[in-house]
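Both complexes shown next keep chain A, but they swap its partner, so chain B is in the first and chain C is in the second.
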Partner chain A sequence: MSSASTSTRLMVNMAEIHVLTGAGQLVGLGLGSCIGLAAYDGSKKIAGLAHIVLPEAFVDRAVTEPGKFADTALPELIRKMELAGASRASLKFAYCGGANVFKFGPGKTNDVLEVGRRNADAVKAVLSKFSCRVVAHDVGGNSGRTMTFDVATGLIQVKVLSVGQEDLCTLS
Partner chain B sequence: MILNELQLSALTEISNVGLGHAATALSTMMGKDIQIDVPNLDSVPISAVDRYFESPESEIVGVYLPFDGDVNGNLACLFDWSSAVNLWETLLGSAPETAADVDELYASVMLEVGNILTGNFLNAIADMTNLRMLATPPTVGVECAYTVVSTIICQAEYTDAIALAVETCLYSESHSITGYCMFIPDRPGLSLLLDRLGVADVA
Partner chain C sequence: MHAVLNLTPEQDVKLGQIIAKVQDLPSMPAAATRVLQITGSADTNAQMIADAIVLDQALAAKVLKIANSAFYGLSRSVTMVKEAVVVLGISHVRNLVITASAAPWMRRALPGYDLEPKQLLLHGSAVAIGARMIAKSRRLTVADDAFVAGLLADIGKIVLSEYFDGKLATMISLGAQAGMTFDQVETKVMGFDHACVGARLAEDWNLPATLVHAIRYHHAPSEAPEAYRPLCDCIHLADYLTMLCGFGMGGDGMFYEVDEAAFERLGINANDLDHIVDEFVTAYQHQEALFEEISQS
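Take a look at the complex of A and B:
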């Protein structure tokens, strides 16, 4: 595994999982109903981020993008972290997203817009199923979030359009 | 489900007619002659989510609504920020300074624009195909382009529907408004539509 330079800023797009070691930043841009799920091995400075799109894989279809679904993304994220040298027992997690960004209008309570909440519930459930240590989460609401995960320090910041950037937690 | 060229061109054609009706209605609303052009229609894979606006971090306004009837699905109208400002200034005489300043009043103007565009779009397609499609109450979101488009694609994937992006340019003498309409029928509905248009899959 190569060490990234401090300037590395890696976008983790929908359905992707990326792992960086040493330094750099992982970015989950514009999370709406999607969830950014971060994992960190602080002693080895190995950071991973999954950009989850849906709560669970379709039962009747082969999973070609494990990062897309909450139930397949977590085991794949752990596998990639271990492949990069992380120790599973020392992994800490944080996640954010799962909003409903269509906040105005008479249709805003329509349950078709509930995929954000379902995503958040699914991520919580799968983390619990795998007995993962969750340090912080920031889900729901009506605002999109951009998640920035600093590899060297484990600091996770969340930027919301109307609020600006705030620290979520430090996974160390 | 991958659409062939014939199917895409049939869908582009009905979108053109549908948005033509929508433009006429918008002209009446704005008191200005609005021309509309649909240069392109394509299905939207997840990997193309950031293709549709200049910058994925630029702010856009999205109007989103489900429709039901013989065909179920969702419709979205997306406007880049400067186009949204043009719409607000024309219809309301003022515009919010930033996306965070969009309140219920500004949102209600977009709801109305969305209602008019989508209602006329659906009616025109319903008339051509003899399939009933009724709009249900809309919602509005103001966020960065990536957030809005990814949320719409999430919903589409969640309900196993196909997101079709219709590039839409509206012109008037004084204002140019560009945006996307996304027409997102579910799979059975899309099959029914293609069948009525005479371009159903042979398989």
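Take a look at the complex of A and C:
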């Protein structure tokens, strides 16, 4: 966790979770099938962003990067938010990403290949399991996204390459 | 004569015209092509590789600079190219030479694909790492070819970008409505997709036929001649992993087709995909600093 000036622009890379307070921006760049999961305590201006890569941690491997998996990223994001002083009851969430390839080609037999859809389903399920308040989401499609989360205002903007940038929601 | 593309004379002329109209066309230094040829033969050695590299002083300086970078953490600095080849290994230096040679034009922005500066190099680096990882895990002999072919798979976009500037959103929209992948849209608009254009560039540079085929068929590995299919399968799957992870993704995004037959031919169970993605991300993170170093050189 760190305090930030208005000019701070912190990139949240794959499997990372970052929390900022006061001001600045958290950026999830190049979300393909990955999900950017944002959490916000508006009264204290504490913002967190996880860059989730896969739906579930592996049962046969130790988890060294909890931000990588949907089922481990959410509890770790909440823990980091609380460590920064956020109130769990105040937290609001939004997420985006989870794109898929346009086509699978002749003879597709396995839905496992749709990583983006599975990621989006897993994030939705874990948010429900933890009874989290979800304000907005933007998932699916075939395009990459960049998610920008403004710490001072809670505004989340999503840029879809070749389309443009739009406001997803304000988590205040 | 462009044997891999199997074009009619009219198509061959048209493709040549499309490429010729592009200003500042990318090129592969003769020394780099020579290194590829030498390392493809069984009786190569460090001296032969070094002799080829030092013919191009700028390339030799890059190799030494990168070999002495913090990434490798060598206990003492190397001052001779042959020394670098011995310390780092022939296949490693070969990959380094090609990456350093391609980096100046692969780090350009490609507005026709909505790709920011460095993003094509980032994408190619990721495909290279993924393709080599897959080839090694399947114990294929094409691991080094996989790296170079993965790196160069999308070079055709450098040419087509000049034609797509300002048209990308319309092309994607029309393609989505018609159920066409982006490479199919490219073919409809230009007569050729970026894989064809890239293969033609690779032929013009006298790259080995293996690499030309891999570039040509990286989106359609099942159509590749059988002898080249394992390599094409590796590039195809690595490209898929790279799209999933969003490395160097442009406006064409994930508007492509994944051929599940490539998994089967490589003996990969699709149910293991998450493990493969995990290993790919780890491999990429490990190499990221090296590519950053090369892109600055």
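Just so it is clear, the second predicted complex is superposed on the first by the 157 of 172 C-alpha atoms of A that agree within 3 Å, B and C clash if a C-alpha of one lies under 4 Å from a C-alpha of the other, contacts with A are read in each partner's own complex, and residues count from 1 in each chain.
Operating definition for what follows: a contact is a pair of C-beta atoms (placed from the backbone, for glycine too) under 8 Å apart; a residue touches a chain by one contact, two chains touch by 3 or more.
These numbers were taken from a predicted model, which means no experiment stands behind them.
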Original post:
Of the two partner chains, chain B (first) and chain C (second), which one does A:143 touch, if any: first, second, both, or neither?
Top reply: both
**OP:** Look at A:53 in the shared chain and tell me whether it touches chain B only, chain C only, both, or neither; answer first, second, both or neither.
**Re:** both
Subject >> Shared chain A contacts, counted only where both chain B and chain C touch the same residue >> reply: 14-15, 29-34, 53-54, 58, 68, 101-108, 110, 112-113, 115-116, 143-144, 161-162
Original post:
How about chain A: which of its residues touch chain B in the complex?
Top reply: 13-15, 29-34, 53-54, 58, 68, 101-108, 110, 112-113, 115-116, 118-119, 143-144, 146, 161-162
Original post:
Touching chain A in the complex: which residues of chain C?
Top reply: 114, 168-169, 172, 176, 181-182, 240, 243-261, 270-271, 273-275, 277-278, 281, 285
Subject >> Contacting residues of chain A [partner chain C, same complex] >> reply: 14-15, 29-34, 53-56, 58, 61, 68, 99-110, 112-113, 115-116, 142-144, 161-163
Original post:
Can you list the residues on chain B that touch chain A in the complex?
Top reply: 46-47, 49-50, 56-57, 59, 62-66, 74, 99-100, 102, 104, 107-108, 110-111, 136-148, 150-151, 153-155, 157-160
